[in-house]
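Below are structures written as C-alpha cells.
There are two complexes below, and they share chain A, which is joined by chain B in the first and by chain C in the second.
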Partner chain A sequence: MLQFSKFVVVRAVLAIFTLVLVSFIVFSLMELVPGDCAERYLAFKSSQGSVITAADVQAERVRLGLDRPYIQRWGSWIINAFQGEYGDSCILRLNISQLLGEKFWLSLGLCLSALILAYAIAIPVGILAATSKNAFLNNGLRLVSYLGLALPNFLLALMIMLFSTVVFGDSLTGLFSKEFRDAEWSYARVMDFLGHVWLPIFILGWSATAFAIQTVRALMSDEIGKLYVTAAAARGVSGRRLLLRYPARHALSPIINSLGFDLNRIFNELPIVALILTLTEAGSLLIEALARSNDQQLAGAIIFLLTASIVGINFITDIILALTDPRVRRSIVG
Partner chain B sequence: MTRLLDVENLTLQFDTDEGRITAVDNVSFTLEAGEVMGLVGESGSGKSVTAKSIMKLNPSNAIYSDKTKVTLHLDDGPVDIMSLQTSTDLKVIRGGAISMIFQEPMASFAPAITIGDQMVEQLQIHTDMNAKRAQEVSIEMLDRVGISDAGTRFKQYAFELSGGMRQRAMIAMALSTKPKLLIADEPTTALDVTIQAQVIDLMKDLVKDFGMGIVFITHDLGVIAQTADKVAVMYLGRLVEQGAVRDVIRNPAHPYTKGLIAALPQLDDLDVPLQAIPGDIPSPLERPPGCVFNTRCSAIVGDVCSSAIPSFSKITDSHQVACHLYDEGASK
Partner chain C sequence: MTDVTNIDAAADQKLKEAYFTASQGQLIWQRFKKNKSALAGAWVLIFLILSGIFAPFLTPYDATIAGRDKEYLNGAPQIPSFCDDNGCSMRPFIYTTERTRSIKTNFRWVTETDTSLEGRRYVQFFTKGVPYTFLGIPFERHLFGVDKGMIHIFGTDSTGKDIYSRTLTAINTSMAVGTIGVVIAFVLALAIGGVAGYYGGWVDSGLQMMTDTVRTIPSIPLFMALAAFIPDTWSAEARFFFISMVLGLIGWPTLARRIRTHLLTERNQEYVLAAQLCGATPAHIIRRHLLPSFTSYIIVDLVISFPYMILSETALSFIGLGLKDPVNSLGVMLQNVTSADVLLNYQWYFIPVIFFIVLVLAFVFVGDGLRDAADPYSDSSK
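Here is the complex of A and B:
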C-alpha cells in the first residue's frame, strides 16, 4: 500500500513535470510568433483609427510586463496557469478565464461523453464481432465500421442538419435554445442542453466508435487465440465466464492504455464539428484565436488546458492499469 | 488392469478456406488405468489434435466422422465422449475426469489471474467445495508437486515463477480434481533438460499415487523410453506403429519409426553422423495416396505402397505395424 501511494505520487509528479515541460514548449511557440501582445493590440487600435507611436508600443509593453526576460515571463505565466489564471486576451482585452468560462469544460465534457459512448458501444460489439462466426453479422459490422472511419464527421454533421431542417424545420445547431443561451443553470436549461448536446456527442462519437470497434475486435481476436484460453476451456471453464474472465479481461489493458490518445483525437475533431453545428466551445475559440487574430495569450491558455486534460487522463489510466493489471502492479510494488 | 479409454476410428477433418483438411485419419488405440501411453510423431503428425479430440477441445471448424467413437470408462459407467454437447456435459472430460497440461506453462496460465484463483476456479467448477476448502486443497496440491512455500505461490502470478515451477503448478492444477486420465502435450519440451528429468520423475510418481492413465505427447523418443509403458507412432494423421515401449524402441518395424530412432543423437559414439529422414512431412492438403509415408520411405515394396492403405500386422502380441513390408505373403 505504501509502495502504491509512492507510485501514485511519482506519477503525479511526473505528470506535473510533463505539463510544465509542455507549457514551456507552448510558451516558446507563442513567443516565436512575430510580434507580441502589445504590438498586436495597438495594431488593432490603429486599424480603428487611433494614431500609434513607437513610444506607445513601448509603454504598452512595460504595462503588460513584456519587457521582462523570457524565462521570468514564462515562470509567472506557468504559476498563474496552474492556478487557472491565464491573463488577458491580446485582442479582446478580456480576462481569459472569464472569456473561456464554462466553454472549456463543456468541450471537455463533449469529448469525454463521445469517448464513453464510443467504448460503451465498441466493447460489447467488438467482443461479439471477435467471437461470432456469423458471416452476415461480421460483414455488416465491418461495413458500418468502415463507413464510420471513412465518412468525415463534418459531412455527417451537415447531412444530419440538412435532414433535420427539411424534416423538422429545426437545424439542431448550438448547445442551447436562444432563450437559455445566457441564462442561469436551471432544470429547464439542463433539459434544453440535453436536447441539443446528443447531436455533437453522436457525431464526435461516430468515427471514434468505428475506430474503437476495430481496436476491441482485433485485441479480442488476438487474446481468444491464446493458449491460456484453451487451457481454461480444458479445465471446464465455459460460456460467458470463459469469455469475460479470460480474453476480455486481458484485452482491457491495452484499451485503457489508449484512452488518452483517443480523447486527443476526438478533441482534434471537435472544432470543425463545432463550427458546423455553431457550438461556441473552446475548440472553435482556439481556431479563432490562432487563425484569425493571432491571439497568442488565448491560444496558449487553451492549448495548456487541453494538454492538462490529456496528461490528466493519462495519469488516471496509469493508476487504473496499475490497479487492474498485476504485471504493471508488480513492476511497481515488487 | 481395467480399461480406461477406447479410441475407435478417430477421424477428424478441419473445414478451412482451402477445403477440408484431414488431420487425423482412422486412429484407434486403448489405454488401461495406470498406464502411460506415448504418442510420438513429428510436428504436424496430428498427435496434439488427436489428444485434444479426447476433450473435444479442437476449434469449432473440426468435423468428426460418424465412425469416430471415443469412450471413457469411469466407475459409474462408460461416457461416450463424441455425444457430449453442452458445457455442463463436457465438464466431465474438461478438467473433471480428464485433465490436460500443455507445452508452454507460461502461456497456459492466464497472465492477470493468480495461480491460486485459477486452481480454486477449477475446483469450484468440478466439486462442491467452498472457496476456503478449495484453497486448502490447492495449496496441498502445490505442496505435493514439490513447490516450496506453496501458500505464497498460491497468491502469485505465472510470470513470477520459474519455468520448472510453472510446469509443476500446471501439473498441480491438472491433478487437483483427481482426474482418471491426464493428457500431457509435450509437457517437458519447453523446459531445461535437468528440469525435464525432475518433471518426468514427478509425473511417474503421481501416476502411481493417483492410478491415472496418461497420454504423453512428445516428439522425443528418449522421454518416451523413460516414461511410457506403450507407444503409438503417428505420421500425417495416421498411426503407423504401436506396441509396448520396449518392443517398439528395440525392434522398430516401420521405416518411419526406424528413421526416428536412427535420428536420435548417440552420446556414446559421437562420430556417428546423425541420420535424418529425408524430405519434409507433406502438407495435409496433399496427403499421398496409399501409405502416407511413401513419399519419404526408403523401403518401398512396390506400387502397393502408393495405392493401398496398409492395415495393421502383428509383429508380436504386443506390437503392431501398418506397413506393406509386413503384409501376408510379402517377402521381408
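Here is the complex of A and C:
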C-alpha cells in the first residue's frame, strides 16, 4: 500500500512537472505575439476617441504588471493557472475563468463523450474483426479506417452539412435552439441540448473510432494466437467466454494507456469542427481568440486547459492501469 | 528426367541466389509489388502528382484572379455535350452565358444561357491560351479550351475563378507544403532523436521529457497559436514558407521518438559489436551499419507523415490562419463554403474535396504498403 501511494505521488509530481513545462511553452508563445495587452487596450481606447500618449501605455503596463521580468511573470501566471485563475482577457476585458467556465466543461464533455463513443464501437467491432475470417467484413473495416484518416473530422462535418442542407434544408449546426441559447439550465434546455449534441459527438468521434478499431484489431489478433489462449481452449473454455476472459483482457490494457493520446487527437479537431458546426464552446472561442481578436491571454488559457486535461487523463489512466493490470502492479509493488 | 530436375534445381538455385543477394531496395520492391491496393495507390499518387506538375498545361486558365471569368460568377460546372434540341455535332460543345441586369430581372445580376446554335462554344484541344513557362521554356498551348469565351468544367467561384484550374494548382501547393514540412521535421527529428539515441543516459531522458511534453500539447491549437504570429502585411509567399516551416517545427516529435528507439535497439545488436571488435570507428559504424539498418523505416515514416502535413495545412488555411488567397490550396478554396448560400446553391465548391480525399487515401495506401514491405518479418508473420 505504501509503495502504491509512493507510485501515485511520483506520477502526480511528474504530471505537475509536465504541466509546468507546458505552461512555459504556452506562456512563451503568448509573449512572442507582437504587441502586449497594454498597447492593445490603449489602441482600442484611442480608436474610441481618447488621446493616448506613450506615458499612458507605460502606466497601463505597470498597472497590468507587464514591466516585471519575464520569469517572474511566468511564475505568477503558472501559480494562478494552477488555482484556475487566468487573469483578464486582453480584448474583452473580462475575467477569463468566468468567460470560459461552462464553455470549457462543455468542450471537455463533448470530447470525452466522443472518446467513449469511439471505444464503445471499436472494442466489440475490433474483437469481432480480429476473430472473424470474413474477408468482406475485414476489407470493409479496413476501408473505414483508411477513410477515418483521409476524411478528417472537419471535412466530414462539411460533408454532413452539405448533405443535410441539400436533403433536409437544415444545416444541423449549433448546440442549442435559438430560444435556449442564453437560457438557464432547465429540463427543456437539456432536452434541446441532447437533440443537438449527438452530431458533434459523432463527428468528433469519427477519426478516433477508425483509429481505435484498427488498434483493437491489431492488439487482439496479436494475442489470439498465443499459447495461453490455446491452453484455455483445450481446457474446454469456448466462445465468448474464452475471448473475453483471456485474450481481450490482455489486449485491452495497452488501450487504457493510449487514451490520453486519443483525447489529444480529438482536441486537435475540436476547434475546427466547432467553427464549422458553430458550437458555442471553448474550441470556437480559441479560434476567435487566435484568428480574429488576437487575444493571447484567452488563447493561452484555453491551450493550457486542453493540455492540462490530457495530462490529467494520462495520470488517471496510469493509476487505473496499475490497479487493474497485475503485471503493472507487480512492477510497482515489487 | 534427371535433366529436368537438374534444370529445376539450377533455376531454383538461381532464384535463391537472386533472393539472397538482392539489395534491400529490391526486396522491398518485390514485396510492395505483391500488395495490390498499395500498387493502385502508387499509380493514383503518381497520376495526381503529375497532374499537379503539369497543371499549367492541363488547365485552361490562370488559377489566380488574373484568370477570372467576369461573365460567369458562381457558375455551375459546364459539362460539354454532343447533342441538344438543335441537333448533334461531332465536336462537344457548351453554351455561351451572359450576366445581365435589367428591369426584367428586378435589377439583380442574372446569368443567362444562350442555348441557340449561335450560342454554342465548341471544345477544342491544344488551344492557344494564357502563356506560361514550364522548366524555363515559355508555352502557350493548353490541353483544352473553347473557341470563344471560356469553359469551366468544375464551375467557378464567387469571383469567377475557374475551380478546375484552382484544384490542380492546389495539389501542387499541398505537395510543396508537405515536402517542406516533412524535410524540416525530418532534419529536426534526425538531430534530436539521433542525439538522444546515440548518447543515451540523461541526455536521452532530458530530450525524451521535452519530446513528450511537446507531444502532449494538441498540435492543431499549437499550429494555430504559431500561425497567429504572422503579420497581415506579409506576402502570400512568405506566409506559405512560414506555414510549411511551422508544420515541420511541430511535426518532429513522433519521428524523433522512432529514430531514437531504432538507434537504442540497434546500438546493442551483435553486428555493431562485431564491427566494434574489428576496430571500426563510431562514425564508420553509424554511417555503414546503423543508418542503413533503418533508412527504409525512416522513408516509410516520412511517407506516412506526409498526409498529416497536407491535412494540417488544409485545416489551418480553412480557418483563415494558414495560406491566403493568391496561393491556392484546398483549405483556401474551402474558406467560405460554410455559408448557407454556398451550401444551398453552389455545391460545386466541394468538388476539390474529392481530389484531396483521393490524394490522402493514395498516400495512406502507399505508406501502409511500404511499411509492410519494409518490414523483413511481414511475410513470416502472415
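The rule is short, and it goes like this: the second predicted complex is superposed on the first by the 322 of 334 C-alpha atoms of A that agree within 3 Å, B and C clash if a C-alpha of one lies under 4 Å from a C-alpha of the other, contacts with A are read in each partner's own complex, and residues count from 1 in each chain.
By definition in this document, contacts are C-beta pairs under 8 Å (C-beta built on N, C-alpha and C of every residue); 3 or more make two chains touch, one makes a residue touch a chain.
Bear in mind that the values here come from a model prediction, so they are computed numbers and not experimental data.
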- Quick one: chain B and chain C on chain A, clash or fit? fit
- With the two complexes superposed on chain A, say which partner A:327 touches: chain B (first), chain C (second), both, or neither. first
- Message: Quick check on the superposed pair: does A:166 touch chain B, chain C, both, or neither? Answer first, second, both or neither.
- Response: second
- Thinking of the overlay built on chain A, is A:118 touched by chain B (first), by chain C (second), by both, or by neither? neither
- Message: Just checking: does A:197 make contact with chain B only, chain C only, both, or neither of them? Give me first, second, both or neither.
- Response: neither
- Could you look at A:232 and tell me whether it touches chain B, chain C, both or neither (first, second, both, neither)? first
- Item | Partner chain(s) touched by A:264 [first = chain B, second = chain C, both, neither] | second
- Query: When the two structures are overlaid on chain A, which partner does A:150 contact: first (chain B), second (chain C), both, or neither?
  - Reply: second
- chain C, chain A and chain B - angle at the middle CA centre, rounded to the nearest 10 degrees: 80
- Which partner does A:25 contact after superposing on A: first (chain B), second (chain C), both, neither? second
- Message: Looking only at chain A, is it chain B or chain C that touches more of its residues?
- Response: C
- Task: Report, in whole Å, the shortest distance between any C-alpha atom of chain B and any C-alpha atom of chain C after the two complexes are superposed.
- Result: 10
- Message: Can you give me the overlap between the chain B contact set and the chain C contact set on chain A?
- Response: none
- Residues of chain C that touch chain A when the two form their complex: 209-210, 212-222, 224-229, 231, 307, 311, 314-315, 318-321, 334, 337-338, 340, 343-344, 347, 350, 353, 357, 360-361, 364-365
- Message: Going by the contact rule set out above, which residues of chain A touch chain B in the complex?
- Response: 133, 226-228, 230-239, 245-246, 249-250, 253, 324-327, 330
- Query: Which of the residues in chain B end up touching chain A in this complex?
  - Reply: 55, 57, 60, 87, 90-91, 94-96, 99-100, 102, 104, 107-114, 118, 121-122, 125-126, 157, 159-160, 173
- Taking the complex as given, what residues does chain A use to touch chain C? 18, 21-22, 25-26, 29, 32-34, 146-147, 149-152, 154-155, 158-159, 161-162, 165-166, 171, 260-261, 264, 267-269, 271-272, 275-276, 286-287, 290-291, 294, 299, 302-303, 306-307, 310-311, 314
